[in-house]
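Let me begin by presenting the structure, written as structure tokens, before commenting on it.
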Amino acid sequence: MPAPLLRVDGLEVALASTGATIIEEVSLSLEPGETLGVVGESGSGKSVLALTVMGLLPRALARTRGNIQLGGDELTTLSPDAWRDRRGRDMAMIFQEPMTALNPVMRVGHQVEEVLMNRRGMSAGDARRRATALFERVEIPEPARRLAAFPHELSGGMRQRVMITIALAAEPRLLIADEPTTALDVTIQAQILDLLRDLQKERGLALLLITHDLGVIAEITDRVLVLYAGRVAEVAPARLIFDAPAHPYTRALLASRPALTGPRDRLVSIEGAVPSVGAMPPGCRFAPRCSFAIGPCMTAPPALIACAERHAAACVRVGELG
Amino acid sequence: MRAAAPLVEASGLAKTFAGRGGVLGFGAGPSVRAVDGVDIAIDKGETLGLVGESGCGKSTTGRLLLRLIEPSAGVIRFRGEELSGLSKAELRRFRRHMQIIFQDPYGSLNPRMTVGDMIAEALVIHGEGDRGDRVRVVADMLDLVRLPRAAAQRYPHEFSGGQRQRVGIARALTLRPEFVVCDEAVSALDVSVQAQIINLLQDLQRELGLTYLFISHNLAVVRHISNRVSVMYLGRIVETAPTDELFRKPEHPYTRALLSAVPVDRPGTASRRTRLKGDLPGAASRIVGCRFATRCPHVQDRCRQSDPAPTQLPGGHEVACHRVADGTLPATESIV
Amino acid sequence: MTAEAVLDLSHPPSKPFRETLARLLGHRSFVIGGFLVLIVLIIALTADLIAPFDPLRNAARVRLRAPDSVYWFGTDHFGRDILSRVIHGARISLIIGGATVLMTGLFGTLIGAVAGFFRPLDNPIMRLMDALMAFPAILLALTVAAVLGASVVNVIIALSIATAPHTARIVRASVLVIRELEFVEAARALGASEARILLRHVLVNALGPLIVRLTYVFAIAILAEAALSFIGVGPPPPAPSFGNIIANGRDFMVVAPWITIFPGLAIIVTVLGLNLLGDALRDVLDPRMKV
């Protein structure tokens, strides 16, 4: 088994003002060439996790505990400048809304070339040739013409392809994608997911994919981390998450989605709502909504318990629920 | 196939939005044909799903049926009565029969009104009941959408997204309408909450005998809740069929592409499927021929020249495609 | 990322007005600004009781007296007590500011609401407002004064004409955003009349920026009154306003600077208070507009 490229250990992020935790005891590892999906609903802390790894936490939040290692180097002890340097070189991120991540008054070609010149020391001519080749690779039709376009002149799908180009221009080893297809139509989403999958295979990228959509998870990920209210509920190979979910939350989440095939039975719904930050239950955070909750669930947050190889769930009843 | 006359019916429905622009805001930019010749019929008690990608005109269609937007052309009938002929005042009175539930649980509630006032507003507008009656109706409506009665004194910001959506539903149902347009009503919600609201909408339909037009971009949700489904592309309905039929045997090349683009239910079932190339063309210009011709994998010359008329297939299945009409379209690549 | 609220019936129902007030009272600018404005307001209201002398009383004996234990702020060239004149001047200055706020609030809101809500009227109305805004306010006031004559009412009219277009523009901007929100469409779907929609749903949600703007209008009006007085088209003498006391002292700036210094300080205190108030209101009221 290769050494992990990214290793997150016991990460905790809290509101700087009140100290209320947004995520707690989140650990994960990601190997080169692997896609790890992080799935969760709003309030699960999945985007905060991505920003923390990138070193892009907004001022209102602070990492209070835990380590982040990239290729064996500890990131949390780096100066902001050094972290920024790693961000450009070894890891990159794409967002849900490329329009806000692109500079609206700069031609998209220029934005790609800038990365190539700054990060890879290319000459202007080389950068232009490389940018054209990259645009071709991400299947942007008429690349030479599109290089001269401004972001608003492109469709949402094209903008996301430009974002991917910029992210990959510095040839990072880790790509973090935060809801990369959520703003896109389903036919465009399919194109972008295909593209991400292909790029990842051919470059041996480690891909950390943040999403709320279990369908996207099923399409593209190798392993899955399920977050609920800032804590890891379950982590397992993707197939097991769908075929043998161990945590009651994962099960309920799967049962609550309407399907494209099979009978159209009444949906299983999870009553109630995700607890709010600062008002977390003392025990398992899912306990108030869990139909299997028992006494011990109410007192302390459960630790992750292994239930199979590479499969663990944070539920005291993992063994007995079967 | 249908016995009685439909509850809601529209034919030749069209809406052209004038573009903005010009010197000092005078004059107009290019116009956009959002809806371009839609025929639709919804029976009492059924749910018609309307799916399509952004910009296809599905939301505009929903609003046109309610005359929340004035149609540029076409006839709308509700219980046989022509809506397009009503005056503004008559239309306002008529609104009690048809309502709408919105997508955005944040933007759809007035932040300066209590939930009780919001639910009671329909009664105030239509001059129904005194204060005591209204308090009782508000309590009933909150019971109906499974919210505590004490919610009436609260402001929207105290509620979660799912709870706000329940308030929006209560507001829409206060006047006991027969027809409700659900415009992406569960699209902004988390999966677990989405299931609650879908179940609630289905329960309410059964309890109150409601008729829904369920507009959504989410095919799985539409499949789950609809009796029949219409697929829209660039201002036109390209295919309509009973739900199971449509998902088992999609005929129109666009419907097939749409279904094959939906992420799989579980990993490993994904085979590399035919993907649509390119983006939706802009709706600004008038299109000659089939609207899908620019992206269709089965396109022929005639598709670019003449507009396909809907073809009736057995089982209430209707498809607007030249090659389906003469049976030359390659067989369905089933998604199951 | 942002955690959402969940209805918690164990908490008392939210009282938006009280909560807003509590947040304002926790804002330092609001407390300081409010304190300053309140002091000026109390002085204006109780002018008859607290002024040591009649502000109009001429006393040749004590002309141009420097501040001392009897005349705290000194006297002017007619021997009138500056302290009493500043105290009474607060009254006229506040009346001019308050009345301008009322008129601008009324007409600015009306014009902005109509332009923003009824689309065909938008262009004609707003182009007219643009034309009005192109005139320097002082020039506009001069014209009004020239046509109607110098009086308190005419100063108010002139300042209202000068400040209403910008206010209208602010209201229109809010209305344009709010009218597209779904709760407005929901009200229309329920059969609400356009008037009801405008009042109950659109304007109540446009109040925040309007209140902030009107606070600044108050301050602008008080400054403009001084400027108008200085060029001779302000509220006519002998009744004192902050502006015309300064204007009177203009010729004695070197020999009797107290005539201009004290009303000048009064203007600074009032305008500073109003601006602090406006800043606090903007901090507290405007974020809510992100609906």
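The chains carry the letters A, B and C, assigned in the order they are written, with residues numbered from 1 in each.
Here is the rule we use: contacts are C-beta pairs under 8 Å (C-beta built on N, C-alpha and C of every residue); 3 or more make two chains touch, one makes a residue touch a chain.
Quick caveat, the model's predicted, so the values are computed rather than measured.
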Chain contact graph, described as a line, ring, star, complete graph or other shape: complete
Result of counting contacting C-beta pairs for A-C and B-C, higher pair: B-C
Subunit A and subunit B: spacing of chain centres that average the CA atoms, whole Å: 32
Computed distance of Cα centres, subunit C from subunit B, in Å: 49
Mean-CA-position distance for subunit C and subunit A (Å): 51
Per-residue overlap in subunit A, given as positions that touch at least 2 other chains: 42, 273-274
For subunit B, residues contacting two or more additional chains: 160-161, 163
Numbers and ranges of subunit C residues touching at least 2 other chains: 4-6
Touching residues (chain side subunit A, partner subunit C) in the complex: 42-43, 45, 47-48, 272-277
Complex contacts: residues of subunit B adjacent to subunit C: 24-26, 63, 66, 68, 92-96, 98-100, 102-104, 106-113, 121-122, 125-126, 147-148, 150-151, 153-155, 157-161, 163, 168, 171-172, 175
Subunit C to subunit B touching residues, read off their complex: 4-9, 11, 13-14, 16, 122-123, 127, 181-183, 185-193, 196, 200-201, 204-205, 288, 291
Residues of subunit B touching subunit A in the complex: 53-54, 160-163, 190-196, 198-199, 202, 217, 219-221, 223-225, 243, 247, 257-270, 272, 275-276, 278-280, 335-336
Of subunit C, residues touching subunit A in the complex: 1-6
